[in-house]
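Presented sequentially are two complexes of chain A, the first with chain B as partner and the second with chain C.
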Partner chain A sequence: MNSNASIKTIRLCGELEIGRKSEIRDALSRSGEERAILIDLSEVTYADSVALTELLRFCVECQRSGVAVALVIKTPQFARVVQYAGLASAFKTFDNSEGAVAYLSEHVQR
Partner chain B sequence: MKRASELRLRRPAQSQYIAPIRHALAAFLEALQVDRELRDDVTTAAGEALANVVEHAYARSSGRAARSVQLIARCKDGGKLLVDVSDQGSFIRRKPLPGRGFGLRIIRAIARHISIDTSRGTCVSMTFEARSAASKS
Partner chain C sequence: MTRRLPTPLVLTLAFLVLLVGLLLAGGLLVRSILTESFSNAEHIQSARVLVATALRAQLDEESAVRGYSAVHDPLLLQPYYEGRRTLPGLLRGTGTVIERLGVRDALPYIDDAAATNRRWLVRVASRLLVARKRTHVLELRGKVLADRFRADIGAVDQALVRREVLGDARAQRAIIWANFFALAAVLAVAAAAALFTVQEYRLGVRLEQERAEAEEQRRRTAELRAAYDAEKRIADTLQAAFAQRVLPDMPTVRLSATYVPATEEAKIGGDWYDALQLSQDRMLLAIGDVAGHGIDAAVAMNKTRQMLISYALIDPTPGRVLERVNTELVTENSPMITAVTGLIDADTCQLSYAVAGHPAPVLLEPGRRARFLKAGSLPLGIDPNTSYATHLVQIAPGAMLVLYTDGAIEYSHDVLEGETLLLQAIESAVQNHEDDPATAIRVGIFSRHRVSDDVAILTVHFLEPDAARDVSEASALRRSA
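The block that comes next holds the complex of A and B.
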């Protein structure tokens, strides 16, 4: 996990599924100082609804605190499961980290 | 899609067994030459049904119950894939809560047909339209 003063990066890899629920929840944490969070999921090979629920809970929490969150999703399975769950509009997703950083930087500079 | 036999797995209904069951299903579908996208979708839907068993099926059971989950996958003539996920636990009908209940929504988005039999434990039966990699080329 990397962070700087304004944008924090949380990176999750591999299969995000029920067996890793606690690990996902632990990884999705805030220090309280960051104004934007990039969740890099580009190396996630599988995600289930348990992972989506944890991501949604974290994003809602951040939104309430005025912290912007962007997700980088590259794998087709993950992108489709977000659609299937009806959560496309619940997350700000990008297929590359450059786009996500640009979006978050804009939020930080406001 | 090749005609093939059946995949039948029974494991303890614990979270650490779910990924290996999914991987076995993916390998079975690959052997059937099911194309990658459908393979991923079928294993995603099955993974949701399996996760539901782990999270909910035995929540009200006493310690003596056989807490297992079974997956049966088979292909039928006419290019249909059938996947059943069953348990011997209790089906709990819940009110939909905001921010929860995505598993069944995902299954419904992927499967052509889904039925849930709660007469003896719970059996989620999913039907998918098979597309083979060979038929695409």
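The block that comes next holds the complex of A and C.
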């Protein structure tokens, strides 16, 4: 959990593929108390359609529950995947953690 | 084939052999002790008989001499002469037996008894026979010597008795050992039998387990084989359906398409493409990809294709078509699906399209580099409230539009590299005026890379007016033929 107890940070690394489906599903979970979630994908270089499905469904579910979501994406390859998968247009994405935390903190205080 | 004995069985057998060896050695030892003990006992008995006989012979001698000296009857001397004849031999025999038995402490007594007897014969018996009357001196001397002889014989007998007791104790110990060995043998055999039974049971359990595992493995293999065969049939059918697809034939637009499954093994993908002529000038294009593989993906793909065409027949606006399909898919809890829907108006040379989470279409216009069209909305089946924008693009004559699935750019997991190679392959196919640009693009990409996912490519070539007229005439000729 982030220092700000209302913001939960979820960190995934490497290539997200069908073989890691349960690991990804376990990581993408909510306790119900957090008001904002930072998904740190700064070290992700690739995600296949199955992993993207998990990510998208989680983000949509958070949004529906009023939980703010911010994604940190740094690698250009994954940024391109995220762009055409619609994640970048449907959710807030940042290329650094500070920006994401600032955005989520503002949401929490609101 | 030689069958190796299981290790536990070998160990049990080795244990038994060792045990039998030890028991045999113990038994032989006990047997030798007992045999020796019995043999000694016999010798002791015979020695004691000899000793008793010697004592009786000496008594007979003494009685005979006394009797003769009293009544002077020579007949009474018969035992005397008999004793003189046999007693030395008896004593020698006793000495030999005693020496064989190892009762060395009794030997001096034997010698002393023989010497005493000889003295008695010389100093007492001979004089009595000559004097033919008893004197106190001779009486006393005779008594002293006779007592000494008896004492010697008594000591020899005591030594023999001690030796007998010793032998009995040894035999008793040997019998105890024999009992111990017998008991040990019974216990060891029982232990070995128990050990063997346990090991045999374990071996049986292990063999049964291995047999069950092998059976389970065979069953799974058979199931996998059956599933593989089923998927292979479906994959073959789908591929055959793609291969037989007749693309619409319009005067100003020429289509080409290609589809290859992920691998040569049966791995049904969810990729598809469609091209449907809605009217004389309008054509519906669609390409899509269902997340995952297998029967579920194939079913979702077919359902989505049907929905997409059905909704396009009602309202072909690409964004509206995707929104309707999306609502339906979310309701049905379908897998995630990415898709592009396009509507070509050949009369105005316009393309309207909408993208749902799918890689961006590529447009290559004459005199320009190939470029990606605008894209970026959520895939279908994720959020029922997603809206899909319809983009309108004016297409220059001679341009080529390329729709494709992610397998064409994600084979190395570096999408940027994949996109660069895709653009190069498209430009190369157009420059070379390929008759089948879709296949040329696929070959251009995968001449250096392995197909790791399904790949579908659909190209739309907007013909130059002159080329369009030639194509139209050729089509007319084909129709009349």
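Here is the rule we use: the second predicted complex is superposed on the first by the 104 of 110 C-alpha atoms of A that agree within 3 Å, B and C clash if a C-alpha of one lies under 4 Å from a C-alpha of the other, contacts with A are read in each partner's own complex, and residues count from 1 in each chain.
Methods note: a contact is a pair of C-beta atoms (placed from the backbone, for glycine too) under 8 Å apart; a residue touches a chain by one contact, two chains touch by 3 or more.
Every value quoted in this text rests on a predicted model; they were computed, and no experiment measured them.
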item	value
Combined model on chain A where chain B meets chain C, clash or fit	clash
First, second, both or neither for A:L52, with chain B first and chain C second	both
First (chain B), second (chain C), both or neither touched by A:C13	neither
Which of chain B and chain C A:Q77 touches, first, second, both or neither	both
Chain B versus chain C as contact partner of A:V108, first or second or both or neither	neither
Which of chain B and chain C A:A88 touches, first, second, both or neither	second
Chain B collision site on chain C, chosen from 94-102, 220-228, 274-282 or 364-372, when both complexes are overlaid on chain A	220-228
On chain A, the residue positions that both chain B and chain C contact, one per complex	15, 18, 46, 48-50, 52-53, 56-57, 60, 76-77, 80-81, 83-87
Touching residues on chain B, where the partner in the complex is chain A	15-16, 18-19, 22, 37, 40-41, 43-44, 47-48, 51, 54-55, 99-100, 102-103, 105-106, 109-110
Chain B-touching residues of chain A, taken from the complex the two chains share	15, 17-19, 21, 46, 48-50, 52-53, 56-57, 60, 76-77, 80-81, 83-87
Residues of chain A defined as touching chain C within the complex	15, 18, 45-46, 48-50, 52-53, 56-57, 60, 76-78, 80-81, 83-90
Footprint of chain A on chain C - complex, ascending	289, 291-292, 335-336, 338, 355-360, 375-379, 382-383, 386, 406, 410, 413-417, 419
